[in-house]
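Labels A, B, C and D are assigned to the chains in the order they are written; within every chain, residues are numbered from 1.
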Amino acid sequence: MKRIAVFTSGGDAPGMNACIRAVVRGAVYHGIEVFGIRRGYSGMINGDIFQMSSHSVSNIVQRGGTILKSARSKEFMTPEGRAKAHEQLLKFGIEGLVAIGGNGTFTGATLFYDEYGIPTVGAPGTIDNDLYGTDHTIGFDTAVNTALEAIDKIRDTADSHDRIFFIEVMGRDSGYIAIQSGIAGGAELVMVPEVLTPISEVIETLKSGWSRQKSSSIIVIAEGEEEGNATEISEKIRAQVHSEVDMRVTTLGHIQRGGIPTAYDRILASRLGLGALEGLMNGEKNVMAGIVNNELVYTPFRDTIRLPKPISEDLLRMVKILSV
Amino acid sequence: MKRIAVFTSGGDAPGMNACIRAVVRGAVYHGIEVFGIRRGYSGMINGDIFQMSSHSVSNIVQRGGTILKSARSKEFMTPEGRAKAHEQLLKFGIEGLVAIGGNGTFTGATLFYDEYGIPTVGAPGTIDNDLYGTDHTIGFDTAVNTALEAIDKIRDTADSHDRIFFIEVMGRDSGYIAIQSGIAGGAELVMVPEVLTPISEVIETLKSGWSRQKSSSIIVIAEGEEEGNATEISEKIRAQVHSEVDMRVTTLGHIQRGGIPTAYDRILASRLGLGALEGLMNGEKNVMAGIVNNELVYTPFRDTIRLPKPISEDLLRMVKILSV
Amino acid sequence: MKRIAVFTSGGDAPGMNACIRAVVRGAVYHGIEVFGIRRGYSGMINGDIFQMSSHSVSNIVQRGGTILKSARSKEFMTPEGRAKAHEQLLKFGIEGLVAIGGNGTFTGATLFYDEYGIPTVGAPGTIDNDLYGTDHTIGFDTAVNTALEAIDKIRDTADSHDRIFFIEVMGRDSGYIAIQSGIAGGAELVMVPEVLTPISEVIETLKSGWSRQKSSSIIVIAEGEEEGNATEISEKIRAQVHSEVDMRVTTLGHIQRGGIPTAYDRILASRLGLGALEGLMNGEKNVMAGIVNNELVYTPFRDTIRLPKPISEDLLRMVKILSV
Amino acid sequence: MKRIAVFTSGGDAPGMNACIRAVVRGAVYHGIEVFGIRRGYSGMINGDIFQMSSHSVSNIVQRGGTILKSARSKEFMTPEGRAKAHEQLLKFGIEGLVAIGGNGTFTGATLFYDEYGIPTVGAPGTIDNDLYGTDHTIGFDTAVNTALEAIDKIRDTADSHDRIFFIEVMGRDSGYIAIQSGIAGGAELVMVPEVLTPISEVIETLKSGWSRQKSSSIIVIAEGEEEGNATEISEKIRAQVHSEVDMRVTTLGHIQRGGIPTAYDRILASRLGLGALEGLMNGEKNVMAGIVNNELVYTPFRDTIRLPKPISEDLLRMVKILSV
């Protein structure tokens, strides 16, 4: 393999730039030509492709977002779109791809390989940590710390006013951000999509706290919670408990996607970028590079797409014990 | 004056603890006995009052929230409530009060003085910076920096995805947080309650940016904006511009109230706490301590309550120039 | 076991409070009485021991340092000192100990068990990450992020002035903080005690950078580096390269020990605190609770004390590739 | 005036980029051509000059350091150097300059005007806040907050170990950073170059603290303190007090120069950049733009160079009261 390209796709995540840097510097180190594609599959179709050098990735390791930009492409989901993308890659002589993104990205790469034989190795870039095949995804640690900083700030107000706060964090299908930020933030309860927490249990927890003179409480809710979003849940509870209690809802929103990546995310992203590149050089295809138990592993896209990533029972148990 | 008490009231603000510390340490320094009242007027009525020493305020200068807690009290707005409060102060022998809060707090203090002759000197504690009689209120600088950090994070995503973000910050009647965080965050437009920004102007700004290849934009909106809140404004715009543009709304919410106070807020709070205490010792009453042009001044409560605090024309002009 | 005590010992580390909280709340959950000992073995000798409840550890999960304070005790290293300590524990009826600290602490605990049969389970609290038996120690992740923030700041100046900076980080016998903060900070070179980096190699790296128009460089040095400390190394280099290059040295020092713990450290500390407590309840003794490959394990003190914890070859290789 | 240039000179300071941005965007807004000069006077001599547009300063408002780089130039201090610089400016048709820097920079600009009639308006860019003619310099607020964060971290360790910490902050001739970070950080004592603090007073303060059971203390020392630097002072004290007390010294160093600018610094820098530009357009020369009592003022370079900027007596008094 003499010439490869790298791109980012799907929602941006802190650490994507550190990952791009590792792919580019790794390629330079190994004597391979490396190109960047802007805006994911959309740029691949439009030929928004440019050569990169070691210097192209100077001073980006600490930046959030992605210098290659990201976009979702409906066109790539059509055979015509992929044909155009293939033409562009041919034009630039690109023989292999490193894709930084999630399952949507990997699904596209699989179709593309089946049709045109251009191999892709993936790196897991998403704050949700919902990808099978790696202990952590790029951006997750930063997102958890961002959510945690917000929880720490809100607890100041909760304590000062004897309030209950319902804090909604990101995670449509996954409670990872909720459970980690909740434990670290000292939440009284964490509600995640993986496990049903009935409203009655929430009320019981609150009442038990009141009986022990706890005047304020933090409840962290993942956006994909089955009982509804934070506003709906707080209203259900308000309807069932006495009305003097001051309850507030806050949705953290998009701040969780951005920001300066943590040390953990920069190192993970560097390892996975280099791992994806070296995998591609060694003939891997249709696999995602991941770190499991501190070892680099390659997991087929069909497994990362198909297999669930269960949340730790231990962590769920810990929330209960620590809020005693 | 031999014995005074200090309390916090209204919404909590970062730096309130530094202010309490200055009142207490100042009292100790001047040989005056000092008491703390928990939960503002509500604790005054219930007698939740305790003696404080230099040690009571150790290691709090850096903490958000208020160790004295805060609450709004409907009872104090009744003559009966104030009578109970007066009885409690008599019981503890308290001759004067330092009240850290906003106009609601100062209105109560004025009534109380008229009826019982117990003097209060105020310190302006609110993140909104909407109090006449001081250049800045305690908590404002921290709130602006918190909003700014959020804007910095969101810009990562806006840039990576070529998106327009509408960011709603706090400020029901005041655009101070919006204008300062907007300028510092490089926003394309800032919408504040003090000045009407018609939707047509927003659209023009966006279009002018697109014509100059600006692919992402940040619009900061104060919650009290006349054209509606961030969601309503974004919907009005979406209805009028072509639909491919990706627009998102995010409401920063309660994170703006909490957090570790900045250096500026801790110093301001210390100056105002000491200034309020020494004013009280020198016979001031029904006034708020403030810093105007770097000098300590006392402004009558009737003026802080009545007079508006206009936003700087210069800053509004700057947003326009800097987003060229 | 009906009654246990917890203490912190050796250098303080961010996350120790989260660990104390998990021990205390875990004990309350399991119906065991729990005491705190202030200032480690020194407080054990002096009887500075007090009962703790769930409430004693409210609102500490986010605080750096240790509410139980820490100290080194020469007296406990004598048989007389340990006899006094034993007497005190008898007086309070304490049957087992959770010790949060490092190898010095664990050595003392082993002697104490041999003489008096009081079992101790340890939790690894040290920023250096130099303990065998756990992938990470409590405080390490926070220390790395603190060092990284400093490196990010210094790079601003290095870039603005075309300078070389030698940054000394903590780690007397261990290069863990250096290697992780160096990779994450985009350092051109990292010097660690585990591997000799000859001065000639440093000079070569700098020259190779200059030949590729790199105008600024960051070299991260662990304090235990064999070639000397940062100042000595910079002087050796200055003597051998042309004099126009602007070189500066900065020693990060004590800021690396303190600060608000990261999410990672709070969760790790919670797991290890609970793990140590439940180990003690289940009859473990003279072992340290650790997390290896995401599983809770107990390692005998004799192994944590004796066995080295090698630095990852992979990470050392990555520094070289990423600074291409 | 049709064509101007902007440059940064002297030590870098957070907010310089926001200032450059304001100069460039202001010029675009007013229809003036604007050039950037790299590495201050050194780049002026070498012709390292390039045209800038609104786009050149996108996404830099939040970055530390200076995109125009900075350097000290001995050559510009010679008539020959200035002659070369003048030739380059002629070549590019540059009629006026905005210089972001300190007194060294302004001295050069004055000489240059006397010889060649090219007017310069300055903006005060230095973390030390030691320039007459403005309440605050660009970078000062960020430096104070950086020093404060470090003090907050160190206090965790000081408290946990009952230690005295001597913390040296920047400020060769000025105690501004020391006094502000000291008050905000709750220091027991602050030592500044403007006022002699005899060692005997330091010892008295420490002893008085011990008598009130204060077990830890923070003493903040400006690097230009007359009694010596932090290490020397700590040794003088160690020689005079009993030896069990654990004393540590830490020098914050270069981290104080870098980092993401605070909201205050970004707004100040924007106002001063725009103020300097518009001053230049209106015929000002050999003056520095400053903000005094929230108003834009222009002060002649001869005054900013000659006149001292005294430290506030009020703040010095506050340290004493607050550490009671």
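In the analysis below, a residue touches a chain if its C-beta (ideal position, glycine included) is under 8 Å from a C-beta of that chain, and two chains touch if they have at least 3 such contacts.
For each chain, UniProt lists the protein as follows: A, B, C, D = ATP-dependent 6-phosphofructokinase.
A quick note: this is a predicted structure, and the numbers were derived from the prediction, not measured.
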If you check the contacts of chain A and chain B, which chains show up for both? none
Supply the minimal count of touching-chain steps required to go from chain A to chain C. 1
With centres defined as the mean of C-alpha atoms, identify the chain lying farthest from chain B. C
Cα centre of chain A to Cα centre of chain D, whole Å, reads 39
Please tell me the distance, in whole Å, between the geometric centres of chain C and chain D computed from their C-alpha atoms. 35
Counting in whole Å, what is the centre-to-centre distance of chain B and chain D, each centre being its mean C-alpha position? 29
Mind pulling the residue numbers of chain C that touch at least two other chains? 152, 155, 159
Taking all chains into account, which pairs touch? A-B, A-C, B-D, C-D
Chain A contact footprint on chain B (complex, rising order): 8, 12, 14, 39, 63-66, 69-71, 146, 150, 152-157, 159-162, 165, 248, 250-255, 257-259
Note: in the complex, chain A contacts chain C through residues 18, 21-22, 25-26, 28-29, 54-55, 59, 61-62, 135, 141, 144-145, 148, 152, 155, 159, 180-181, 183-186, 212-213, 260, 262-264, 266-267, 270-271, 274, 293-294, 314-315, 318, 321-324
